[in-house]
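In what follows, chain A forms one complex with chain B and a second complex with chain C.
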Partner chain A sequence: MIAFIVRRLLQMIPLLFGITLITFVIINAAGSPFSDLQFDPRVTPADKERIEENLGLNEPLAKRYVIWVSNVLRGDLGYSLINFRPVSDRILGVMANTLILSGLSLLISLLIAVPLGIYAAVHRNSIIDRLVNLTAVAGYAVPTVWLGLLLIILFSVKFSEWGLYSLPVGGVQDLRGGGGFWDRVEHLILPITALVIPQVAVWLFYIRSNMLETIRQDYVRTANAKGLGGRAVLYRHAFRNALIPLVTLLGLSLPDLFAGALIVENIFAYPGMGRLTVSAIGDKDHTMVMGITLVFAFLVIIGNLLADILYAVVDPRIRLD
Partner chain B sequence: MVNEKNPVLQLSDLYRRFESGQIDRRTLLARAGMLGLPAAVLTNFARALPAAAQDASPEAGPLLPGGFQSMTRDEFTARLAEDYPFTTEEQAPGGTVIFGISQSSSLTTLMPPFANNFPTQDFVLLVFDTLVGSYPAGGAEFTPALADSFEIAEDGQTYTFHLNPNAVFHDGTPVTSADVVFSLESLANPSTNSDYTGTFNMTVGSWEAIDDHTVQIVAVDAIPQIVFFANSFLYVIPKHIWEGIPVENWQTDPGATGQDPSRVVGSGPFKFAGIDEGLGIATFVPNENFYDKAPVIEQFIFQTWPDDTAAVEALRSGDIDILDSPIPNDVASLAEQENLEVALFPSYLYNYFGYNLDPEKTTLFQERDVRQALIFALDRQAMLDTIYAGLGQIADGPQPVLSEAFEPGAFTPVYNYDPELAASMLDAAGWVVGSDGVREKDGQKLSFELIYGAGQVGDQIAAAMQDYWRAIGVEMTPAPGDFDTVYLPALTETFDFDVFMGAFNWASPNGDQSAMFMTGTRETGFNSSNFSNAEYDELSQAANVELDPEKRRQLLIQASQIVHEEAPVGMLWFRDGRVGYNVRLKNFTPTANGRFWSMAWVEVQS
Partner chain C sequence: MSELLQSERAPDRMGVRPAGRASKPAGAYTRAWRRFKRNPSAMAGLVVLIAIVLFVLLAGVISTYITGFDYSENHLESVLSRPGENGYILGSDGNGRDILTRLAYGGRVSMLVAVLATVTTLLLGGTIGLIAGYAGGFVDSALMRLADVFLSIPALSILILIAALYRPDQYRLSLVIAFVLWPGVSRLLRGEALALRRRDYIEAARAVGAGDARIIGRHLLPNVLPTIIVWSSLVIPAFILTEAALSFLGLGVRSPTPSWGNMLSEAQPFYRSNWTNVFFPGLAIFLTALSVNLVGNGLRDALDPRLEK
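Presenting the complex of A and B:
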């Protein structure tokens, strides 16, 4: 096991190089973060060149990549080219928000999807099963942008117009003296809902089909034939085995927890990793994009590793080496 | 000896050679165009032209007889009282104001030399004072700010500023001339990494502190108030905070990024309280020690709302109090809502398209009739109504509404929607409709591509133009491309295009558009069409050395007429600026010259 982990960690190094190199080339091809200056009548072309020179942006691409890598190896992700704050500070500044939003969404999705999925599988082709399937397909198909805006218009704007209890449109807390626990919760309800609806759908499909597969296995029939009660068979035998692929998926979704939700964070003006990523790309903030990519690439690799390890832990038949 | 590094010196060398008869005026202009100077600056050196040069000689008397005396603070206060009576009233203190903007990036700096975008400049100028301001109602009139008043000497280039003696920085240190000099020095220093250093150095020659509260600035030449037009942003930063820090490190200093609020020290009406990345906001609080009217609200919060539809809903629901530039199609419904109001005002922003006049790229637009006909064929009002909810006005002439030289009705021909006229003009010019419905002449089809930065609004405008032009037998193919990697290089580097379409924010009221239309400014300015007209060049240069405002205005209007008639570009419309706000903000009055000038008088009503 340890040899396996060490090997995988070593494999990570060329992988990280590859990912960051590709990102570096792409984001540089997208142009300079200072191209807007071209349209400021008070800025001369020489000014734009001087600024790019001062920031080292006119050096050859290869040289800049080497500089970036050597800085990263010294633990320095550099400064954002847009607001000149350290990249690491900006990432750390919003990480907690993202973990709360994504973590709660995942937790709630599982709390809904697991029992529903099992129920639907056990009562296959019942009305409830069909209803669950239909809702799941709908939930999965709904574009998040549309769903988010719809939630805002209904629960924030219309509810307040109708004199009902309404939820805030966005942000993290009430800026007019809020900040308490309930205030934070109020601000999370709509974004979490927008995230949970499609997530539940995905988890439901997995759990339902895994469960279906499991309850058709011979050992389940054996357990039933032994005269064990329906519940005991379902939960002690079938469900635990159906969980194995679920564990893998959880490991793989680890980076998502940190990556945040690109669309939902944007709509709900929620300062998190997703929103940071979108604005960094939009601004062509090279250093910011590189920093974020590095963090995500690292997390994806770790997530995969974790999934493999967990897989071996929950399924003794699997040997890692 | 010509200093290779300084284009201004190179220009004066050219001028000397012109004066001694070594080169003629056209050569002077052509060479000057290659120096990489912004044309706005370049034209100021057209003083080398014989007529102007004689004016400059000592025998001709002072350039600016009697000099110029700016408005004083008392006069400013009195005028405000007349135009905006609320400025004389008392306001109840307290309350939070939340400003929202639908834009991906947040405030990019808290340090004036690096503020190069809206809304950053507006917020930085709440914290830092500038020497002079501009009158809120618009136009090019200067008002007192840190300077109670200023004079321009008879030579037309020496400016004397009288600082307010009561001005103190937020940490209690008095503001003196030394701070002004320090600020100017840092702006002039290329290592500071300010975007505006180049323009500053080409317009401002020298500066010195006369006494603790008097500063003199000498412009490189007698330029009509150019010092401020080019550098409307003469901010003052505290010497005692920044002098110990190498300018190279300013941009990433926690006092510039806002990470250390105690080092963000200005002398403006608001103090910076901090940026909270986790909340996605920046907070500003009133400076009770402000030498002029101090704000009474408790705090002013900046918040970005990346999604513009959600931002509109946040304004509707009251989550935010002010929303800058709400989606045009939402403006009507916002204004209808009882608790909201939308302020509309002219801006410097316009939409336009331009023909490529370089015959090596395309020969389709060499005839003026073709260029004019294509403008006549467009129902610009209908386009503006559909695409921008009618928020703006149809362009009449090339000068935007806020320009000093804006003069609707002065220009001929009037490009009213007239497809029949357009068709007959093309007929007369020999462009006849072929079997496929597309006009042709000498075997060449009137068929071309329209390039623009990819986006929904661009698609809408292009589609409308395509329809209108198809109706008169002209085939246009929309060619959207990524703004930075396709559109911009075509416009500024390769010039490989037939017709371009875009928007421009000409953020200066002084009416000088030579960077867009003067000969030889394709590479150095914004003249992507490669328009060249000797009469325009002359008028435009004459305008930029004319110190008499009204005479200057007339020259600009004449120059604009040439652009209007020759039609290197088709001006579509001038757009309105728009700010939606909650009516609980009493006295909030955003105008073209400033979103926040009225913040000192804003009262938050419950």
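Presenting the complex of A and C:
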């Protein structure tokens, strides 16, 4: 186990190099972040030249990448090109918001999808099963942007027009002296709903088909044949085995989870990494974009590693070596 | 998934069966279509999809004979009309452009991006996957490590990055999507090729002197075709949603050219007064993705011969 973890951690190194190198090349191939300054009458070409010189932007690409990497290895993600605040401060400042949003939505999705998916598989072709299938297909097809805006229109705009209890349209807390626990919760309800609906669809699909596959296995038939009651078979034998592949899917679903959070944060003006990503890219803030990419990639890789370890924990047949 | 299918089709592909094709039993695809026709939700999806495709293809007719507006015609005196007001059937946007006309034209762009991106992704990722699976060894592990790198980047953030820095049009946008999202289908087809390359009929083809290119093109490709069809039908809706997400962030196809995604994003500031402007383009995306999805699920069931009774 220890050897496996160490080897996987070592495998992370080339992966992180690859990811940051690709991002670095893409972002720098688009030219200087200050190219727009040439249209600014207040900035002379010499000024622009001096700014780029000071930031080291005139150095060759390879040299700059090496400098960036060696700084990162010393724990320094650099400074934002826009306001010269440390990149790590900005990221740490909003990371908790994103982790709360995506973590809670993942948890809620699983709490809804696992029991529903299993119920649907066990009662195949029942009305509930058909409804679950319909929900899964519909949820997979719904655009997150549209869903988020419809939630705002219904629960914020229309509910307040109709004089009903309405939810806030965005942000993390009420700017006029809010900030209590319930205030935070109120601001999370709509973004989390917008994230949960498409996720539930995907999980329902996997859980239902896994459970259907498991029920067909010989050991389930044997358990039934030797006279165990339906529930014992379902929960002691089928259920636990059906959940094993989901652990891997949990790791693989992380990039999608962050992508969903990125959209949702921008709809609901929720200050997280997704919103920071979009603003940094819009500002051509190279160091910020590199920092965010690194953090996202790191989270995804660590998530996959944890999923693999968890896989061995829940299934003793799997040997990590 | 297609084990039986392959063994049924294999003699046919190798030309072992003599001429006289007229009397042969119905082919695998004919039987798949018969199964597809018996699936009500797949048929419903197909009908809706055909309706949407017709709506989009007839955009010119709708513009001339039904709405009487051009898709880029501004009417600043009647901006943000509600549906039915001032002669706008589904209302007008913030520039006084007719929503219905723009929906029809916008659908062309959204579907074009999705279909082009699917084809490009398939050409890039599929080729890499087939080569990796068929070649094995060093080529395989090198290509798959590269795929791992791309799979660890949140695809949307790299798409946003490229879209923001290079502002691609609808054609380049599909290239960009393929560049970022190729590893999924690569993995899929690599697995299939890996399983197929040790099959007897591939060995037989090699024994009679067929080259690698011929084996991949004539023997591997026809046998992974069902997988490719199902993959495409599931990824097209995903790409329609991707276009919508990029356009929402202002990075997709740019106005005045309409796309369902940029209509949604242009309607966002007016959601308090004109919620229908948000509703209709989103509904179009939703119905298209849903119907392609239903057709895709139907195809998957129809092409899986294990389900045949």
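Everything below uses one rule, namely that the second predicted complex is superposed on the first by the 311 of 321 C-alpha atoms of A that agree within 3 Å, B and C clash if a C-alpha of one lies under 4 Å from a C-alpha of the other, contacts with A are read in each partner's own complex, and residues count from 1 in each chain.
One rule holds for everything that comes next: a residue touches a chain if its C-beta (ideal position, glycine included) is under 8 Å from a C-beta of that chain, and two chains touch if they have at least 3 such contacts.
These figures come from a predicted structure and were not determined experimentally.
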| item | value |
| --- | --- |
| Joint occupancy of chain A by chain B and chain C, clash or fit | clash |
| Partner chain(s) touched by A:W162 [first = chain B, second = chain C, both, neither] | neither |
| Which of chain B and chain C A:D47 touches, first, second, both or neither | first |
| Chain B versus chain C as contact partner of A:L149, first or second or both or neither | both |
| First (chain B), second (chain C), both or neither touched by A:W182 | neither |
| Touched partner set for A:L37, first chain B, second chain C, both or neither | first |
| Dominant contact partner of chain A by residue count, chain C or chain B | B |
| Partner chain in contact with A:G171 - chain B first, chain C second, else both or neither | first |
| Contacts of A:R90 with chain B and chain C, given as first, second, both or neither | first |
| Chain C clash site on chain B (candidates 93-101, 237-245 or 453-461) | 453-461 |
| Residues of chain A that lie at the interface with chain B and also at the interface with chain C | 29-30, 145, 149, 152-153, 157, 266-267, 278, 282, 284 |
| Partner chain B, residues of chain A touching it in the complex | 29-32, 35-48, 50-51, 54-55, 79, 82-85, 89-90, 93-94, 96-97, 145, 148-149, 152-153, 156-157, 160, 166, 168-173, 175-177, 266-271, 275, 278-279, 282-284 |
| Residues of chain A touching chain C in the complex | 14-15, 18-19, 22-23, 26-27, 29-30, 137-138, 140-147, 149-150, 152-153, 157-158, 255, 258-259, 262-263, 266-267, 277-278, 281-282, 284, 289, 292-293, 296-297, 300-301, 304 |
| Of chain B, residues touching chain A in the complex | 7, 36-38, 40, 96, 98, 104-109, 114, 116-117, 190-191, 193, 195-199, 202, 230-231, 248, 251-252, 256-257, 259, 277-281, 301, 303-307, 309-311, 313-314, 316-319, 483-485, 488, 492, 504-508, 515, 524, 526 |
| Chain C residues within the chain A interface of the complex | 41, 145-146, 148-158, 160-162, 164-166, 237, 241, 244-245, 248-249, 261, 264-265, 268, 271-272, 275, 278-279, 281-283, 285-286, 289-290, 293-294, 297 |
